[in-house]
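Note that chain A is present in both complexes that follow, paired respectively with chain B and with chain C.
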Partner chain A sequence: MAVITRGFGGRRRDDADLPPGQYRTDDFPVLSAGPTPRIGLDEWELAVVTETGERSTWSWAEFTALPADEPTVDIHCVTRWSKFGTSWRGVSVDTLLADVDTAAEYVVAHSYGGYTTNIPLEGLLDGQAWVAYEFDGAPLAPVHGGPARLLVPHLYFWKSAKWLRALELRLDDEPGFWETAGYHNDGDPWREQRYLED
Partner chain B sequence: MARAAVPGGLTWQPATVAATRAETATARTLVLDVDGWTGHVPGQHVDVRLTAPDGYMAHRSYSISSAPGPDRLEVTVQAVIDGEVSPHLVEVAEPGDHLEIRGPLGGWFVRRPSDPRPALLIGGGSGVVPLMSMVRAATNPTRLLYSTRSPSDALFTADLATAQATGNTPVAVTHVYTRVAPHGWPAPPRRLDADILARVAWPRDADVVAFVCGPTGFVETVADLLVEIGHNPANIRTERFGPTGG
Partner chain C sequence: MPTTNVGADDPPWVDGNALAGPLGEIMGTDLTVAELTCAGCRMTRPLAAMRVFDRAPGLVARCPGCEDVVMRLVRTADRALVDLRGSLVVSIPVPIT
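So, the complex of A and B:
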């Protein structure tokens, strides 16, 4: 039975694009667990590591010379804000994995600073995910995950690991930082998978 | 980074507003009665759900400001200009009103009673709310550094003075005012800087956990300063209150 809150009317907006329990914001709020790591571009490196330990790496110059996309996507944070029509520039995960030989079904994204998050590999392929390094036409600020972050807009935004350092391909699923701190393993905003028990 | 599981309790539960307390002109504490509530870990939050008569629902997350206890909790809400839920909670809600909550939630920005380390709590504006729960529940050495624009923007002023004077474990409270200081205050208004931090913080080699909460710019600045003065980034936990239209 519904619990009606006296005097509450709410504010209706055209929200067909809004997942359940979210509200729309035009700001770009920040959520992270600790201090913002600062990584110089000369020491920055991105790695893809397969389940057999094979590493592919890119320096900043190599990475930014790869073919890039400019996706415009809606993003949804588990803290209930959604931001529509965000513009990015980044390299598709398909591009990064094009020459990688793997039987993996899962990925753990590793960040500078120690953050991790896990995602099924198929959730990153076919144009669903990027390693982004520009936001709104400017270099991605450290507070938003620069030099480069994962961008997986179809999942809650904690899956879009900031300060990305490596994508580890795995045969088994290994829950990441928030996934072992009470948050949902899958994080699909349209199924409202916020917390462990959702 | 350390990991910690969070206990469940994720069904929506009815809550009744038992009392309200104005904290500032734009912030209010709501005392909520929740049957079967078993308490929380200081630092955790709850999801709040309001339902309009036609079934429309809005959800937001709010930090718990009370010490853990059964059947009752307190959330403290800062009204956000043009917000949908926070103005209702700050300006409209009255004792006897019904709403729903679920939680407690959050397994990282928490100070567990079993953690013996001293805690340095640093809050900016309404970012002090989850820290207030830690202050009220403190059983180990605790220092709070609280930055607000002016005394009239500060939450929990009287309760912080009491906690400082009478807690089982004394809590040292330092206020910083960035725009307007109280009459007779020994220092002019100033932003929180490395000097103040170094004065309030324990020595850099102490095993201390820091909790920093506030607007993004504040948290960024403070976390960077803590790293600069020698704190281990792994022992700095942050939570940020962005302007999120809530």
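So, the complex of A and C:
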């Protein structure tokens, strides 16, 4: 499935396509709250854990054999840069959860290195989110979250956890790394939900 | 002299002196001379010795020994939040009376 964001496909992109308070960059800035975890593909594993503790896991070979999408999406960082038309390859969260039995309403994404972020489950479904492992036609670089990162382009990019290790399905909401330190629980760039008081 | 890994093939960090300005503004005192006991490895070090990742949505200070987070500092539109859950003790020198 290809995802073409609004405005993509010939029309020149301009500031009207930017969420409030954002500026456009053509770079891909690296923001990081810590050292880059180095995860060998032979030891890499992705897990989905339900609220009852049931685990589904994929090795790298199993994960990259799943049906993949190639979304082209705009991304928006809470530090105010936005980047238009980024191209990715990854597995949709719908695919990862297709055979998972859950009553959960919330998800905590866990990263290698200890980072966490929380997202309502409905914000990850229906083609809104992927676990991406290629950027611009090349393997995702470690500084950008490789081997694989969450990609949730409709939320500020801190929700797109780098170095994804697990998706924990929960009945209750559990604020993550930045959400417990002053950032907004939801992080919708179009509503400019940057900080907890927004 | 400040230490840093800027230029290395890794996310840049600077030393804890980078916290002097933001913390001083909030607290009204120089906390870089404070000592923090890391909740991860329990080593006690000056805040200035911590590694601060400043190219992020906030300032994140990590223990140079075990890399656990010892302090997070976030400026919102009208507040400053200092999260110290990664530090067991914050020891601050005071004038001898």
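Note that in this section the second predicted complex is superposed on the first by the 185 of 198 C-alpha atoms of A that agree within 3 Å, B and C clash if a C-alpha of one lies under 4 Å from a C-alpha of the other, contacts with A are read in each partner's own complex, and residues count from 1 in each chain.
To be clear about the criterion, contacts are C-beta pairs under 8 Å (C-beta built on N, C-alpha and C of every residue); 3 or more make two chains touch, one makes a residue touch a chain.
What you are looking at is a predicted structure, and each value in this text was computed from that prediction instead of being measured.
Undergrad: Which partner chains sit in contact with A:L196 here, chain B, chain C, both or neither? Use first/second/both/neither.
TA: both
Undergrad: Output check: A:Y133 vs chain B and chain C. Expected answer is one of first, second, both, neither. What do you get?
TA: It touches nothing on chain B or chain C.
Undergrad: Tell me which of chain B and chain C touches more residues of chain A.
TA: Counting contacted residues of chain A, the larger count belongs to B.
Undergrad: Taking the superposition as given, does A:A181 touch the first partner, chain B, the second, chain C, both, or neither?
TA: In the superposition, A:A181 touches chain B and chain C alike.
Undergrad: For A:T79, is the partner it touches chain B (first), chain C (second), both, or none of the two (neither)?
TA: Both chain B and chain C are touched by A:T79.
Undergrad: Name the contact category of A:W158: first (chain B only), second (chain C only), both, or neither.
TA: Only chain C; A:W158 stays clear of chain B.
Undergrad: So in the superposed three-chain picture, is A:S32 touching just chain B, just chain C, both, or none of them (first/second/both/neither)?
TA: Both chain B and chain C are touched by A:S32.
Undergrad: Quick check on the superposed pair: does A:W88 touch chain B, chain C, both, or neither? Answer first, second, both or neither.
TA: After superposition on chain A, A:W88 lies in contact with neither partner.
Undergrad: Figure out whether A:W44 sits in contact with chain B (first) or chain C (second), or with both, or with neither.
TA: A:W44 sits against neither chain B nor chain C.
Undergrad: Considering each complex separately, which residues of chain A are in contact with chain B in the first and with chain C in the second?
TA: On chain A, the residues that contact chain B in one structure and chain C in the other are 29-36, 79, 114, 143, 178, 180-182, 195-198.
Undergrad: Taking the touch rule as given, give the residues of chain A at its contact with chain C in the complex, in rising order.
TA: Within the complex, chain A touches chain C at residues 29-36, 78-79, 114, 143, 158, 178, 180-183, 194-198.
Undergrad: Give every residue of chain A touching chain B within the complex, in rising order.
TA: Its residues touching chain B are 2-12, 21, 23-37, 79-81, 113-115, 143, 177-178, 180-182, 195-198.
Undergrad: Considering only the defined contacts, which chain B positions touch chain A in the complex?
TA: Per the touch definition, chain B meets chain A at residues 1, 3-6, 8, 10, 14, 50-53, 55-61, 84, 88, 92-94, 97-100, 105-109, 216, 219-220, 223-224, 226-227, 233-234, 236-238, 240, 242-246.
Undergrad: Would you pull the chain C residues touching chain A in the complex into a rising list?
TA: 10-11, 53, 55-58, 60, 62, 67-69, 72, 74-79, 81, 83
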